[in-house]
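The structures come next, written out as structure tokens.
One chain, subunit A, links the two complexes that follow: it is found with subunit B in the first and with subunit C in the second.
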Partner chain A sequence: MNRSHHADKATGVGDPQCFKGEAGPAKFKAGDRVRVKDLPDIFYTRTMQYCRNVVCEVVIATHESPAAEDEAWDNCDNPEWFYIVRFKQQDLWPEYPDTYSNDTLQTELSERWLELV
Partner chain B sequence: MSIHNKLKPSKDAPYPDTFDHKRWRECMKNPHDVGGELDVPMQYEEKEEEQWELNTYVICECLAWRGIWNAEERRRRQNVDFGNSNYLALPYYGRWLITAARIIVDKQLVTLTELVNKQEEVRKRYE
Partner chain C sequence: MAEKHNHDHNHAPMVEEISDFEVLEIAVRELCIEKGLFTIDDHRQFTEYAHNIGPLPAARLVAKAWLDPEFKKLALEDGVKASLEVGIDWITSPPTDFGTPSDYCDLRILEDTATTKHVVVCTLCSCYPRPILGHSPEWYRTPNYRRRIVRWPRDVLSEFGVNLPEGVNVRVEDSNQKCRFMVMPMRPEGTEGWTEEQLTEIVTRDCMLGVALPHPDRKHNAKRPIHKAINPVHGH
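This part shows the complex of A and B:
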């Protein structure tokens, strides 16, 4: 078993801070309108199905890290940018009442899941 | 609008010629992806962790510290790999604990035979 795990890499630095500078330039910036891709769910993802194909706004590029789909099998070779994105609740849930039409939901998604509208 | 953000009733296993892509996507949905699924309110209980829960957390942290897994691999194993029925049936730290046992077998740190024998030995102490 490989014992040179990223526990070593993260010690004293933190995770995801230990991946800083490894993802290249961020593809999206604050204010960009992006759509969440509907990629396959097989085996593992943290991208909720309810936000697939829904358009949202990039709030900030937060950090670099291996995507959940890679890191879940201990593959840390290709870190990518993560973004906090903001949805309108009414865009996510068809039954969401007009009374609360200003409600938003924020979550964090990795770059592979997003495309410019 | 996404096709996924609707409540879905459970169904019997379909015949192969009726199994379409929509059903496939429903089957592949990760057990921890519960957003929008039907549930009932839970009673909030103000209680401290059981001792075994605290011990379980420490075991899992040690496994990470020693490079056996990282947090995302742990989450995959305890939230998704065990499947929907166990995700809903086991207590939260129960899933952590069974996953810690599973990883040491999967990564061949102990054999399942050794683990089962040990479990049996410990159980007999309490007979």
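This part shows the complex of A and C:
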């Protein structure tokens, strides 16, 4: 079993740069309104509970990489696009005060977690 | 149980036990060296690298961007490329030559404006732009900071001494995948005509995490006040 294929691929190129061009065209673009799906994650995920089922805006498609849920198990076969997305704080937290209704939170999610609304 | 320490001799307190984690680290390290995964010299090199990184390159990057609009543009577009100008090569940094493990090579620099103040967190654990900012402070990795800054950012910033007026919107950046984030704060008033060296001195680590604002009188290399102990320990 080759345990260093990931390192071999990234050496001198960088990770996530080494997955560039492997995910095909990005499904979402800046400004798109998307909802974070609430997918099952019994083994591993990097999608926080607090943002699930919440609608946000795509800020930018950042890079291509295997999703964390795959990469955690050494599966690099299906890289996908990652996005920085922006939430209104009031959409995340019920008690967030009206005075600061323009406050926002950004995070990164991979394409499988997002759907257009 | 350990024998009670006998205090009839005179030496500074010292560690008498080794933790399970230290035992584990030594065991794994020795096994790796024995199996040829890396050499003892490689290990020394990793350790030196880890001990040498710090926030100064990032401070210089911010100072450069304040002075040079072209460089600022590059920094906001391509943080990894801009880092080269301050001597940080994300792609070939040791020990792995593709970023240290979990130091993925996608640096994003968040520009504060008159109406937006950024603050960085990793709610999952401790994602941090280590090659350019050094190791994260202990508080950055605590559940207390991680769970509260996303939900009550203004309260937490206030605890750090940053009280934002109503017209300034807070933007929390929860760093949880392969991007790494640092904040480019606004250049403070009172620094007109300053050189890059001078400006670098006021861009502290906390300014680049977003929990502090640069101030012309607050330098990262300033002398710390020394307070005399109230109950000094004699004989050491």
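Note that in this section the second predicted complex is superposed on the first by the 115 of 117 C-alpha atoms of A that agree within 3 Å, B and C clash if a C-alpha of one lies under 4 Å from a C-alpha of the other, contacts with A are read in each partner's own complex, and residues count from 1 in each chain.
We adopt the following convention: a residue touches a chain if its C-beta (ideal position, glycine included) is under 8 Å from a C-beta of that chain, and two chains touch if they have at least 3 such contacts.
Predicted model, so just to flag it, every value in this text is computed and none were measured.
Enquirer: Would you sort A:7 into first (subunit B), second (subunit C), both or neither based on which partner it touches?
Expert: both
Enquirer: Going by the contact rule set out at the top, does A:93 touch subunit B (first), subunit C (second), both, or neither?
Expert: A:93 contacts both subunit B and subunit C.
Enquirer: If we overlay the two complexes on their shared chain A, which of subunit B and subunit C does A:110 touch? Say first, second, both or neither.
Expert: Once the two structures are laid over each other on A, A:110 reaches subunit C alone.
Enquirer: What is the contact status of A:73 with respect to subunit B (first) and subunit C (second): first, second, both, or neither?
Expert: first
Enquirer: If you stack the two complexes on chain A, which partner ends up touching A:50: first (subunit B), second (subunit C), both, or neither?
Expert: A:50 contacts both subunit B and subunit C.
Enquirer: Contact-wise, after the overlay, does A:62 reach subunit B, subunit C, both or neither (first, second, both, neither)?
Expert: In the superposition, A:62 touches subunit C alone.
Enquirer: Between subunit B (first) and subunit C (second), which does A:40 come into contact with in this model arrangement: first, second, both, or neither?
Expert: first
Enquirer: Do subunit B and subunit C touch any of the same residues on subunit A, and if so, which?
Expert: Dual-contact residues (subunit A): 7, 15, 46, 48, 50, 68, 92-93.
Enquirer: Could you please specify the touching residues of subunit A with respect to subunit B in the complex?
Expert: Going by the criterion above, the answer is residues 1-8, 15, 38, 40-46, 48-54, 66, 68, 71-74, 92-94.
Enquirer: For the complex, give me every residue of subunit C touching subunit A.
Expert: Spelled out, the residues of subunit C in touch with subunit A are 80, 90-92, 96-99, 104-106, 108, 123-124, 150-151, 153-154, 166, 169-179.
Enquirer: Where on subunit B is subunit A touching in the complex?
Expert: Listed in rising order, the residues of subunit B that touch subunit A are 1-5, 25, 28-30, 32-33, 35-36, 64-73, 75-76, 80, 107, 109.
Enquirer: Hey, which residues of subunit A end up touching subunit C in the complex?
Expert: So the residues of subunit A touching subunit C come out as 7, 10-18, 46, 48, 50, 62-63, 65, 68, 82, 84, 86, 89, 92-93, 96, 99-100, 102-110.
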